[in-house]
Amino acid sequence: MPAGSAVTGVSWGALLVLLPLTGAMVCFLWTRAARILGLSTVIAVCLAVAGLGWQLLQEGVYHHAAGGWGAPLGIELYADGLSLLMLIATAAVALAVSIYSTGYFKRARAIRFWPLWLILLAALNALFLSADIFNLYVTLELVGLAAAALTALGGGAAALRGAMRYLLASLLGSLSYLLGVALLYHSFGSVDIAMLAARMESSPTVWAALGLMSAGLIMKTALYPLHFWLPPAHSSAPAPVSAVLSGLVVKASFYLLLRLWLELFGSVSEGIDNMLGLLGSVAVLWGSVQALRQTRLKLLVAYSTVAQLGYLFLAFPLAASAMTAWNAAAYLVISHALAKAAMFLAAGNLMHFAGHDRIADLDRMVQRLPLTVFAFALAGVSIMGLPPSGGFIGKWLLLEAALTQGRWDLVAVVILGGLLAAGYVFKVLGSAFTQAAVPQRARRVPASMEWPALLLACAAIVLGLVTLPVFSLVTIGDAFGVDEVVP
Amino acid sequence: MTPTDWIAALLLGMGGVFFLAGTLGLLRFPDVYTRLHALTKADNVGLGLIVLGLSVQADSWVVVGKMLLIWALVLLAGASVAQLIARSVLRRGIRLWRQ
Amino acid sequence: MLLQSGFDVALGLGLLWVAWQALNSSDLFKAIVFFIAFGLLMALAWVRMDAPDIALAEAAIGAGVTGALLLGALARLRASNAGETTMGQAGNGQRRFMASRRLLWIPLLLMAAGLGYAVLSLPGYTPGLSAQVAANLGASGVSNPVTAVLLNFRGYDTLLELVVLLLALLGMWSMAGPAPPPSAEAAAVLDGLSRFLTPLVLLVAAYLLWVGTRAPGGAFQAGSLLGAAGVLLILAGWRANVASTALSLRLVLTAGPGVFVAVAAFSLLMSGQMLKYPPAYAGILILIIEIAATLSIGLTLAGLFLGGRPRGERKSP
Amino acid sequence: MNAAVLYALVGVGLYSLGLYALIVHAHLVRKILAINVMGSGVFLVLVALARRGGEAGTDAVPQAMVITGIVVAVSATALALILVVKLAAETGYATLSGNRQE
């Protein structure tokens, strides 16, 4: 396909899947150079995302017919502003986590980590790019299996148990999703999202598919009360893996849910949006309270993820003001991805330094690991939703949508959740300033582990200052269908 | 029905009887060894008769050859598996059944 | 006609009954054996639905390899005394399960009824994609429609699926450590059987691979047969003298996804669309991918059954 | 009701039975068996419904999807089983609840 400039003529989207897959296999074949090969692959992926972004800005949405057949027979890749936003967040977190991992994993672990991690990256990219609900099932399974294998990488009973719990929940979620796919295929004779959207009409079968797919994806996104697998898995995995799990993997299933909702189910579902909002509210409050009660740092951060995921679901009942509510969800997704990844990396540094993650015994960490504590604090600013940060913009937009619709209950939830988040962030920071009478292992933390955390946290803050570019990016392809709603 | 059909039906019916007898033995015999005996002996003959019955009606010799090959493989696998089961049971110290 | 629907009803009820036994037998070994029987009945159901390709895959993978994996895992669990849940140790949790069991019936029954209603109320007959498949079969390079879908129309799915398989092995190697040694002494009968059957299985696998372009069969069926041969050899105590670090072993494991990705990248370069084959070369490209995939699938499945990284210190007997 | 719908209903039944067993049983191997039975149920629905219009022709697309699904299922099963084996070697229990101390 000849095209004008050198950048727009390349099919960056397909490369985003093929590159990390190739990287994974090469890392597996040539273990000695796994680290350098893995890191270069991730850098190449970042460049490809940049290329795709440029392409989208120049030419609008990205279409790619894998196999050259096109829907409905073949599989279509598709990227609009929303997918691009997810891909950018993925690339940013991936780069930071990869640099972190060069310092974190010793050689024996590293050669196992890199192939699995690159496959996970390929699967995430493939998921954000797919427009075919069966292909999405395969990518979901790939994400789930890779994430479970990575969770168990740390070894030990807690990690194995966490991985097992996660694997079972993930498999159950994907099977429910697949049953929904089967019902949709036999209702409308296609698995292409755009074709399904065109043919969509309400029927008992569609309702069953809606229920199954939403339930499966909600399970994978760990919305209360289906969150039970998240804290054990995310707290027991190695730090870079926790960062990816909390930052990206749960967002992948949320992205898919959002996509299906916007394209397929939004028109046929009434009343369910309020239920999602209710569960989201409970998740925000319950998760935050649980986070406050934790005595271990990584568990605290994991429960904070449960709470922050709840915010994402508050957008559903506010969808009447589509622009604001969905922008809020998108903003929260990416700012939480950056901030939470930064938090887990920082927590990993504290654990690496002290040999434990008991919050009460974080003996004057602010003097010993100032960069790490600063990163944790900056990430905390975004999690709490203080200005200027990405988290602030997201929550502000949520408040705005709730206020214009007079949903005072949701306003209260957003504000209360922010206060509770402040509580658990300051609980950690407070301990980092005070003295504790425990012996510390005091192992040196290399710069390659401190800076990625800090840079990610800074990115989460900067996100609060670049709202206009982000909003204009999201409007490419009009994923939220705002044209119909805005008067 | 042509005479070949009658022959086929007779062979298939006899095969069925052998299978039935084998299954009955599996359910009713008192211990592992006698059950194995019933299962392998009777089912091998039963399958052989069914293969013969189908061969009579087969379109070509290739199909007959394939079915005979299947029978031979089942015989081989059945005999080996029966021996393996009996061996592992014997090693676990389970005695032969005596009246 | 009546006889046939009678058979279908019996098979359907049989599937449900065997599944119930596989899920609720008191003895775990028994449950696994029922599960293998369930796989075989499933294969029969696939034949009844005119899906011989799935029947072959189900019998070889669903019942065969999965069954072998389950039995292998059970043996290792029994070695660490975790083959069964002992009621006393599970304690309160178990009792709570028992209490919730009675209540769980209600929502699950409602769910099943709802799903059944959803299936029954499907709007008429939608033709699906069979017409498109038939229309484009000529340009796909093969004449078996299932192979055409797997390796051409929806080849991207299959590429990712081969990665899933590789991922399972990578995941296992990352946590399992070296493979357990072969059991003390393998039976002479098993040894003889494996020596006799292995060449035959290789032959059948090659046949399935070759015939898969125009009749039921293909890379997955052939690969799973290879895997089954590997399982048999492993059971007989045979070990190849290659360590998990050996490049040759890794090359074969990545051959399937590797060749597939290479074809995808090459076609992306040539035509701007990944996995778009030039019609004249579609047949040969599919065959190359299938050969590589068969080898990878076979070796990966056998490797999964081995239960750990091969050590490569033991000479084959 | 024809045979296709019958098999689809059996698929729904298998899915529900599997879900029940997945929740009720504590032993992880039983949970893995349950996931596999659920998967078989989903596959049955996927293929069977393509034939509900009668015997005319078979749709190759769902069949190919099910072959993909079977391979994914065996991969997931293998990974899950090795996790169980490692967990049991580590804690002595093949359940998620047993033995909390580390």
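As written, the chain order gives the labels A, B, C and D, with residue 1 at the start of each chain.
The working rule: a contact is a pair of C-beta atoms (placed from the backbone, for glycine too) under 8 Å apart; a residue touches a chain by one contact, two chains touch by 3 or more.
Worth saying up front: this structure is predicted, and the values here are computed from it rather than measured.
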The pair out of A-D and A-C sharing more C-beta contacts is A-C
Once you find the CA centre of chain B and the CA centre of chain C, what distance in Å lies between them? 28
Gap in Å, rounded to a whole number, between the CA centres of chain C and chain A: 31
Distance from the mean Cα position of chain B to that of chain A, given in whole angstrom: 57
Junction residues of chain C, two or more chains touched: 115, 119, 122, 127-129, 133, 153-154, 157, 161, 164, 167-168, 171, 175
Return the residues of chain A touching two or more other chains; collapse runs of consecutive numbers into ranges. 134, 138, 141, 145, 148-149, 152, 160, 179, 183, 185-186
Go ahead and list every pair of chains that touch. A-C, A-D, B-C, C-D
Provide the residue numbers of chain C that touch chain B in the complex, in ascending order. 187, 189-190, 192-193, 196-197, 200
Which residues, counting only chain C, touch chain A once they are in their complex? 114-115, 117-119, 121-123, 126-129, 132-133, 136, 152-157, 160-161, 163-164, 166-168, 170-171, 173-175, 245, 247, 250-251, 253-254, 257-258, 261, 264-265, 268, 271-277
Which residues of chain D touch chain C once you look at their complex with the stated criterion? 1, 3-10, 12-21, 23-27, 29-30, 32-34, 36-37, 40, 43-45, 47-54, 57-68, 70-79, 81-86, 88-89, 92-95, 97-98
Applying the document's contact rule, which stretches of chain D touch chain A when the two form their complex? 15, 19, 22, 28, 31, 35, 38-39, 41-42, 45-46, 49-50, 52, 62, 65, 68-69, 72, 75-76, 79-80, 83-84, 86-87, 90-91, 96, 99, 102
Within the complex, which stretch of chain C touches chain D? 4-5, 8-9, 12, 15-16, 19-20, 22-24, 28, 31-32, 35, 38, 42, 45-46, 48-51, 53-54, 57-58, 61-62, 65-66, 69-70, 72-74, 76-77, 80-85, 89-90, 93-94, 97, 100-101, 104-105, 108-109, 111-112, 115-116, 119-120, 122, 124-125, 127-130, 133-134, 145-146, 148-150, 153-154, 157-158, 161, 164-165, 167-169, 171-172, 175-176, 220, 297, 301, 304, 307
